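Shared between the two complexes below is chain A, which has chain B as its partner in the first and chain C in the second.
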Partner chain A sequence: MINQIWTWLTDGANWSGDDGITHRLVQHLWYSGLSLLIAGVIALPLGTWIAHSGRASWLVTAANSLRAVPSLGLLFAASMLLSSKFTGDTDLPYLVPSIIVLTILAIPPLLAGAYSGVREVDPAARDAARGMGMTGGEVLRQVELPNALPLIFSGLRSATLQVIATATIAAYIGLGGLGAFLRDGIALNEYDAAAGASVLVAVLALAADLLLGVVQRLVVSPGLRTTRTRTRRNRRADATPAAAALGPTNARS
Partner chain B sequence: MIRFEQVTKSFPATGGRESMVAVDELSLEAPTGQITVLVGPSGCGKTTSLRMINRMIDPTSGRILIDDQDIASVNPARLRRGIGYVIQSAGLFPHRTVVDNVATVPMLLGTGRKKARDRAREVLELVGLPGDFAERYPSQLSGGQQQRVGVARALAADPPVMLMDEPFSAVDPIVREQLQDEFLRLQDELGKTIVFVTHDIDEAIKLGDQVAVMRVGGRLAQLAEPAYLLAHPIDDFVADFVGRDRGYRALGFSEAPNLPMSNEPSVPLGTTPEEARAATSDRWLLVVDEEVPQGWVEPARIEAPIEPSMLDRGGTVARVHGPLRASLDAALSSPSRRGVLVDDDGRLVGTVRAADVVQAIERVERPEIDPAEIAPTAAPVE
Partner chain C sequence: MKRTLMALAAVVTLTVTGCGGGDDNPLQSGTGGGAGGGSASSGAGGGSAPAGAIKVGAADFPESQLLAQLYAGALKAKGVNASATDPIGAREAYLTALKDGSIQVMPEYTGSLLTYLDKSATAKDPDQVYAALKTKLPANQVVLDKSAAEDKNSMVVSKKTADKYQLKSIADLAKHQNDITVAAPPEFKGREQGLVGLKSAYGFTPKSFRPLKSSAVVQALKNGQADAANIFSTDPAIAENNFVVLDDPKKLFGSDNIVPLVAKANESQVSAALNAVQAKLTTQNLSEMLKQVTVDKKDPDKVAEDFLKQQGLA
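Let's look at the complex of A and B:
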């Protein structure tokens, strides 16, 4: 099986053309990226504003309950409702429902990340910022947002993983992307293609996460990192003798 | 000068909580260049009063004036940039280095980054955090160091007025005392107009040029200089709050007159037992190192040349014209019952006995009571 997947993945012919891996990979990235962008434009300012103003925090809970909606069902529903609204020779009847579903999927983690990130800024730092004469906007830009970045990034990374994985379902309403290999592979008993595409989706998701991790390291202040690394190190130091004393069966790490 | 004119702050009733008067008709003046301490139990409105000075809270009625200008007419952000603000847990920005934390207000005021950082380094040096501290992040500092950065940050734009809300109460007692001493030294140099909030009466008495004792419900109970407050608490509440030992603590404000001193024989470290026994007929002998007192030994009990580890270090040391409290303590704590007095450079001058200090104490005038306070109408009784 692994050999078959490997053969499929390394066969140059599978990579070229409109139905080739390269093209579908780019499509996959395009749907995912577009959905994440739209979700970010909606969720990040909204989450930040909710936390900064302390108003409408029920929205975060409401958005979270969206996670319970099954994406595939939502996709078919959106497609049925919307596809008749587009005319002419375009991808839009397929693209718009897919993007809506993926956007809805990405909003809850992004919103929660932005909200809790700003929310959990040390109240003393916020108080000091105001007391030193920062305006509301300056407090937000200079204190709240930079301190919220670690949680904003963790929201973004979890949204990215989910969107890239779920974007495969766009193929079920006639759109491309890596999901097309899955759909066709299962229908035509070409399991090497289906499994190979699954591997690609996983690799893509991990690569995106890795990339975001690198960006996070560059963007987030080292001052916010030190606390965490230091506590972790301390904790490990504390844990080691205890773990040794408990013996190998109980040592979890 | 900061002036409160019949300032009241009440918070309206919200969701099940009754409306509450936090500050009630407060009138007081914080003189220019001095430290005014607001002290009282929790719920007395001291922090609310402080936060009304930089408009973090706006009063319900009454006026607050800084140098005769009503602060209600000044834009809050602009007002705050001209007032130093230090809070209990320092409130440093964790994502900024120490030097960038300190440079915050100058940058808000439009100073260029380079100049603001240079200024920040100067101020950091002033609060005892030189050199490489500047590039650290707050999470890499101890509580006491963070608090120093908090003070430096408030001083960076050189504001004439500073507001300090329990700045030293989150650190351990030894560091707190250090910070207090350095704060007083700094204030001697800078002469800011400071309003300082604390719940600790000892801190209030130590730091305040004047102390405002507030009672629950936001009313001013008494405003006086520390020595006066200790000598004449206006009512039971203030007397209770000022606490026990106030007679003894008040001695901290009385400088010692010329106490009758005796010449104390002393020997340097390294003296042999024979020399030590020859130096005195008393049971205890004072040991010095380059004239600076180190401790006491019993010549009869030593068998080797005197080393630091043999010394009894129980006795405290007082400056000749320092507070009477220190002179008395030196006498009481000394194993020989003779209190060691030194000059400003720490060199031995002589010793004094407790009885002589007490005699001097009895001759010290207590602060004269203000006649208005004994008039029957003056003090409202609850």
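Let's look at the complex of A and C:
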């Protein structure tokens, strides 16, 4: 089996053309990237605002309950409701429901990351900033957000991992992406393609996580790394799943 | 207390036996699951039926139940003591029921039955399939006349597309292949009765292919995400949406005409009445009746009765 998967992955003919791995990979990244972008535009400002203002924190809990929604079921429901709204030779009736489902999947970890990141900024630092005469906006931009970055990144990495892994289901309502190999492979008993594509999805998700880890090391202030470990130990009890996803390797340099 | 329990058990058993199968069309897979065999003798057991009584079997999908009602209705109109059974199951189950005498008549499909009896069968033309089928039947079974009605894979286009390109057959569609997007279940891509065969028989390679689940295939054709689609020829969606079924002159999709499979001992008793029904059936009127059953939720026996009256058979 391993040999068959390897043969499938290394056969150049499988990489070219509209049905080729390269094109499917690009499609997969496009669905994932678009969903993460939309989710980020919604969740990051919202989470930051909730934590900064202390208002409407029930929204974070509500968003967390979205994690319980099964993506595949939601996809079929969305596709049934929306597909008749589009006419003409277009991918929209399949693209829109897929992006909605993946966006809903990405929002809870991003929101939780931004919210807990900003909320858990050391109150002493916040007070000191105010004492220096900073306005609310300045406190947010210059103190709270930089301090929140590690948790924001952990939310982003968790969301990215989930979205890339789950984007395979888009193929079940007629889109491409790496899930197309699973769909066609199972329908036509081409199990080498199905298994090979699963390997590719896993590799892609890990590679994206690695990349974000590198970006995180570059943008997070080095001064936060040591304090981070100390504060983490203190609030392990109420750690959100997003915070828990922050591995020890990221926390300590 | 014991008596109550027994009565309850009897009710439960009856209810369970009375429940038919789902909407899945087992023709697609050739050999369906063997479930449902247990209900083969529901109603009256094979041996206890009064002399001359005819039981018409039905498979566990709506079209078969409708055909069983048509046959039973036509027989009754000719004074034969006939009735349709509850859905029996897949081919394995109902052929056993026919063999052991629980049923005497069964609506069947020429191509599917032929490939079931002879895996190596290659006949494609309706007459060839029918002739080949006759030679493969068990000694105590016969088929009556085949009807023009067929339930098989087909290429379907919207009325608009058909008018725009003047389409009558798949060969016409092939001339416009660069403008045609095809929607079908994913396996259509790799099957001989699919894109592979369309290319070798008609030189047809569509502009693009949309792999979709069966209900989404109809939606895609309806909303214009596809210009042509692979749909079963009796699917009610065809009549409902004014889709046009394209002819298949190269017989890529073979032939699957509807044919009554009958126990030889009962042939003389039923052949006249059933052949009269066979002569009136077309793919289109069958599909319209099927729409009344699956979309309008009418009882199959009522739909069958209306049709028989309309055609002067009852």
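Everything that follows uses one rule, which is that the second predicted complex is superposed on the first by the 226 of 253 C-alpha atoms of A that agree within 3 Å, B and C clash if a C-alpha of one lies under 4 Å from a C-alpha of the other, contacts with A are read in each partner's own complex, and residues count from 1 in each chain.
Basically, a contact is a pair of C-beta atoms (placed from the backbone, for glycine too) under 8 Å apart; a residue touches a chain by one contact, two chains touch by 3 or more.
This one's a predicted model, so the numbers in the text were calculated from it and none came from an experiment.
With chain A as the common reference, chain B sits beside chain C without any clash.
Of the two partner chains placed by the overlay, only chain C lies in contact with A:G174; chain B stays clear of it. When the shared chain is aligned, no partner comes close enough to touch A:L211: not chain B, not chain C. In the superposition on chain A, A:V203 makes contact with neither chain B nor chain C. In the superposition on chain A, A:L72 contacts neither chain B nor chain C.
When the shared chain is aligned, chain B comes close enough to touch A:M134, but chain C does not. Contacts of A:V143 after superposition on the shared chain: chain B is touched, whereas chain C is not.
In the superposition on chain A, A:A62 makes contact with neither chain B nor chain C.
After overlaying the two complexes on the shared chain, residue contacts for A:A187 are found with chain C alone; chain B is out of touch.
Minimum C-alpha separation, chain B to chain C, in the superposed model: 52 Å.
Overlap of the chain B and chain C interfaces on chain A comprises no residues.
Contact residues on chain C toward chain A in their complex (touch as defined above): 181, 183, 185-187, 189-191, 208, 210-213, 216, 219-220, 222-227.
Across the complex, chain A is touched by residues 54, 56, 76-82, 85, 87-97, 104-105, 108, 137-140, 150, 153-154, 163 of chain B. Listed in rising order, the residues of chain A touching chain C in the complex are 18, 79, 83-84, 86-91, 93, 171-174, 180, 183-184, 187-188, 190.
Across the complex, chain A meets chain B through its residues 122, 124-135, 138, 142-143, 146-147, 220-224, 226-227, 230.
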